[in-house]
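Both complexes below contain subunit A, partnered by subunit B and then by subunit C.
Presenting the complex of A and B:
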């Protein structure tokens, strides 16, 4: 079922990931988060933006283990751990944050 | 116990689905913490070339993803010297792939190992599983 963002109807797959990467805008993340009962803070956005940059550079959505390590390197050890990331994204930082970022489901996520 | 998995890449990056499928299997397989290595032989060496553009063929250029292999702890990438030479290529024509060694304060190290056909045969001989794409 498509999602409604700023009056536009955007196509998503059966798991809720955006069908078309180029449809993404920040409001997409807001709408998806609201549906899952989450208010996006600056901390959430830091990870979402990190993922978008990662995708831009490597053309993949990283597996959660890789994301954790990369966040630790870029944003510091206190953020590069499962506890911190799962507190922000309780449905799994890989899956949930990638979805909000408009990326496909992480490669290596089975 | 971790098994030694080698993914053998033998085909040019576009025109068939083999290269992309192999890369995806490698990334998925990396989650299982096996001892993974990649080999590039024959036209497979073209997969690692720099400056790829897919503008004219309507396919995604997935070559930047090879740079992420280090993040996935895939850091043994064997490139066969003869295959490169037969195609008029050298190491300079390939992407510079690196990984960071956590045990040495994230020191950056080269992932690509240039090996001769005979050396590669020995490496293959040492594997538990070899998957050819």
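Presenting the complex of A and C:
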């Protein structure tokens, strides 16, 4: 089932991940978050933007340790841990935040 | 938190009342053409034309090729010893999750087309025609078996249920009903080299980050090398070790042990995956292709030894099949096991006294150990029977003061699957995963209450991810699951570690 964003119909996979990375715009994250009952704050956007930047460079979402380290550097050590990330994204920073950022779902034993 | 009931845990296991079809709705996403084709499977998530003939042809071919499958189809006497041994049955109560009933889905079709009695008197012998409904049922229930083989331990004939599941999944994939989760992952291994699809630059960046982190923590430069030609040891580890928690803490631990032992080692970007999901989908060709990457990497890098990191089914494939899949390994150093388990390596270092250990670093925890099914029931870690149970416990006890085992009927070769093994570690099967975790959660809760256990250590990437996910549903926290080498990592004191602190303390004293 496609999702409606700004009057456009965007294709997603069975789990709601964007089928085409290039379809992404900030409103996509807003729409997806709203569906899951989440209001996106600046804190959420810090993570989403970092994920997108990292993906652009490496063609994969960052490892949890890479992400927490980057967050720690940027927002202070007390936020550089997975507990903080889970508070923001209760379904898991890897999966939920990646979805909002328009990235493919991390696969494997994770 | 979930739109189904989380099973209750009890002080003693309760055998559920048998219910018909309560899990018949559970099935993983089907693989579309993009995930079928790269593995050599047809179709687009639907039955292909001529599916019935293809199914029977494939089944016939397998019966001829695998004598074991033929025997397993014929030999079951329905004694019922397996019925209450399966964690998915215990967690769901679904009648078809009794291993004998699940196997019978294939067996009754086998009987109809391959036995005299079934061909002529099907009703008398419970033989049925192959229909679309049967196919759907197989797709559902053969993805409610994690190929953990606990039932086989209790089967008086030693029927290997996992092998029946593997055969059924392979046949299903050949008629267009492949599983998305496993097939997408295998495609990534073929193309990129690991389950995650982690390309070389990202791997390099991640390993560099770990070097920085360990240096910040310890003051010691520990290396996490990638594609280093001429290294002695090739480490093949699940890609989750690069990516997820608590897996990465285990990887940090391997690096510290190698550093302390003074050996040279490397990770390969070509064989950046220990896991081999070819086993899960029961497909020999894919399993072999994945294994061959390790051979190529070992040759290209010119290593002398291969060591596997903490991964359950990978170790089964490595220990039991690597030689026939990708051997001979005559170019490696014959003085070492091919392949060797990281725990065997660490255990040996401990025996030789070359690791400096401060057990008190782990005093804030009380540990228990979850035997991973594929390690426990399909391999050894050392050279003697039972070493797969003893060596992990020995290593844990060497680095931790507080350890208690869970109930004896839930450990060693009677261990319960974490609930996410065998290619089922996917969100589309979350209900099954949570319910299937019940027996392990129950045993864990009991040692938490009786013995004050705070953490459970595991040696399998799937177990670690599965527990991280399901512990909260049972009232525990995700960080209660740890890697065994994470414990080693915390307790090991590297040469030069803490020198700065001491130097600082000296200066303060002097002042």
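General observations
Here is the rule we use: the second predicted complex is superposed on the first by the 97 of 110 C-alpha atoms of A that agree within 3 Å, B and C clash if a C-alpha of one lies under 4 Å from a C-alpha of the other, contacts with A are read in each partner's own complex, and residues count from 1 in each chain.
One rule holds in what follows: a residue touches a chain if its C-beta (ideal position, glycine included) is under 8 Å from a C-beta of that chain, and two chains touch if they have at least 3 such contacts.
Since the model is a prediction, treat every value here as computed from it, not as a measurement.
Looking at the shared chain after the overlay, A:94 reaches subunit C, while subunit B stays out of its contact range.
Of the two partner chains placed around the shared chain by superposition, subunit B is the only one that A:73 touches, whereas subunit C remains out of contact. Touched residues of subunit A, counted separately for subunit B and subunit C, are more numerous for C. After overlaying the two complexes on the shared chain, residue contacts for A:14 are found with subunit C alone; subunit B is out of touch. In the superposed pair of complexes, A:82 makes contact with subunit C only, with no contact to subunit B.
When the two complexes are overlaid on their common chain A, residue A:39 makes contact with neither subunit B nor subunit C. Residues 57-60, 62-63, 65-66, 69, 107-108, 110 of subunit A lie in contact with subunit B in one complex and with subunit C in the other. Residue ranges on subunit A touching subunit B, taken from their complex, read 57-60, 62-63, 65-66, 69-70, 73, 107-108, 110.
By the touch criterion stated above, subunit B contacts subunit A in their complex at residues 24, 27-28, 30-31, 60-62, 64-65, 67-68, 71-72, 100, 106. Considering their complex, residues 29, 180-181, 184-185, 188, 194-199, 201-202, 205-206, 209-210, 213, 238-240, 242-245, 247-248, 275, 311, 425, 427-428, 461-462, 464-465, 478 of subunit C touch subunit A. By the touch criterion given at the top, residues 14-15, 57-60, 62-66, 69, 82, 86, 94-95, 106-110 of subunit A touch subunit C in their complex.
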